[in-house]
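Chain IDs A, B, C and D follow the sequence of writing; residue 1 opens each chain.
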Amino acid sequence: MDVSIQQEDFDVGRLQRELLGEDTRVGGTAVFVGCVRGEPDAAAADPDAVLAMDLEHYPGMTESSIQAIVDEARQRWALRSVRVIHRIGKLKPGDQIVYVGVACGHRGEAFEACEFIMDYLKTRAPFWKKETTPSGSRWVDARDSDDAAAARWQRTTETAGD
Amino acid sequence: MDVSIQQEDFDVGRLQRELLGEDTRVGGTAVFVGCVRGEPDAAAADPDAVLAMDLEHYPGMTESSIQAIVDEARQRWALRSVRVIHRIGKLKPGDQIVYVGVACGHRGEAFEACEFIMDYLKTRAPFWKKETTPSGSRWVDARDSDDAAAARWQRTTETAGD
Amino acid sequence: MIRVLFFARLREQLDVGQLELSPSEAGGTVAELKQRLVDRGEPWASALGADNLLCALNQQQARGDEAVAAGDEVAFYPPVTGG
Amino acid sequence: MIRVLFFARLREQLDVGQLELSPSEAGGTVAELKQRLVDRGEPWASALGADNLLCALNQQQARGDEAVAAGDEVAFYPPVTGG
């Protein structure tokens, strides 16, 4: 199972052991963990401080869209193992949101595949963040920089021609 | 303390908690773990199979050269936290060799800084690997691809002009 | 019937998370289904008029010209912000 | 005295990990120190003649033209293979 959507936190140490398994062809693992940024103690000072975050998603499509991204990564790089976990529900600043871990024979492909999955997840997987601040709650706007990050991989395919 | 050289294994879960700390400005962490590749059970079949590895280093210069790489990364990216661990001595296939972890506000800089540190460590830090195989032991040769990986960062500086 | 889902800001603007339409109510394609909803007036017209709105047919991102039939699931949602 | 270190394959080829030279034995620079060792004949000449050999002065990578003085530490070693 490559993809999990869950409310519970995840244990990066246990995931690392699962990623490596007993596979001695693994030369390296690249792991990204995304966290909720915010200022939990700055509530009084800053009306825009993020006090909490709520993550909504589209059950079913979330899993299948991330699995499609993972499948595409498996076609582009020789992944020996891959794992994606995305949390949903109520989170607070400092909490882990997302885990993307890949194990490969060589470090270059591990870094590339991990960043590819994160960039595509950011622009294709149906999650929506709502922040709670002292002045109320608000939906987070999508960022153009995330679209640009995902578009890089498209250009790579075109210019490389393979 | 950013850099450790040690014989003991390291615990990626504990290191992740240290990397995050209580810093709620961290938006993401990128972590690379390098492992010994080999075929521990293929000894009889393959005279070139790696059965074990011994890592020699230059005490003192190892620490200072990696710290210099970390300092350079800190100048190029806004790292909120960084940790490098490199093991020395006798290792076997599947063992963890190296840990590079960085925590940043945003994922792009976390990925870049982590890969930068690994690429420079590969070409600048005075470690030497000696493999034990069924047909004897041999020093590992340096790879041109590692020099090319490190040279990428040089080009980036030149073309960006900052 | 056709199941229609709304998420995040859009769900709040419409104050509805899902509804069911008969194929004749839905029109023939995803885009026509959306137009039928816009034709209901406010808050549908404004909420579904946002030009960055995305849609999916049976949990695959859709362009709009895909045919919609009984048993299908259609979803409308704002740009995604996970990760 | 000047401390001279050898690592990895080079250490094995020379069968020596470190030695001490007086400033007059060492010559004036890192490159001259290396030449004095090469002049000892085999195995020094072959081992230190490898064209990809690296050197460091006081634990900083060196080019060869750096001056060497009493109390300095000079190291010679093959290309690195850590990570």
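In this text, a residue touches a chain if its C-beta (ideal position, glycine included) is under 8 Å from a C-beta of that chain, and two chains touch if they have at least 3 such contacts.
What you are looking at is a predicted structure, and each value in this text was computed from that prediction instead of being measured.
S.K.: Which chains contact both chain B and chain C?
M.R.: Intersection of chain B and chain C contact lists gives A.
S.K.: With centres defined by CA atoms only, which chain is the most remote from chain A?
M.R.: D
S.K.: Any idea how many Å lie between the Cα centroids of chain B and chain D?
M.R.: That gives a centre separation of 26 Å.
S.K.: I'd like the Å distance between the centres of chain C and chain D, where a centre is the mean of that chain's Cα atoms.
M.R.: Computed value for the inter-centroid distance: 73 Å.
S.K.: Give, as an integer number of Å, the spacing between the C-alpha centres of chain D and chain A.
M.R.: 48
S.K.: Would you pick out the residues of chain B that each touch at least 2 other chains?
M.R.: Counting only residues that touch two or more other chains, chain B contributes 34, 107, 118.
S.K.: What are the residues of chain D that contact at least two other chains?
M.R.: Those would be 83.
S.K.: Let me know each pair of chains that touch one another.
M.R.: A-B, A-C, B-D
S.K.: Quick check: in the complex, which residue numbers of chain A touch chain B?
M.R.: Touch list, chain A to chain B: 11-14, 16, 20, 22-40, 93-94, 105, 107-108, 110-111, 114-115, 118, 145, 149.
S.K.: Quick one: which bits of chain C touch chain A in the complex? Just the residue numbers, please.
M.R.: On the chain C side, the touching residues are 5, 7-9, 52, 56, 59-61, 75, 77-83.
S.K.: Give every residue of chain A touching chain C within the complex, in rising order.
M.R.: 34, 55-58, 60-61, 64-65, 86, 97-98, 118, 121-130, 139-142, 146
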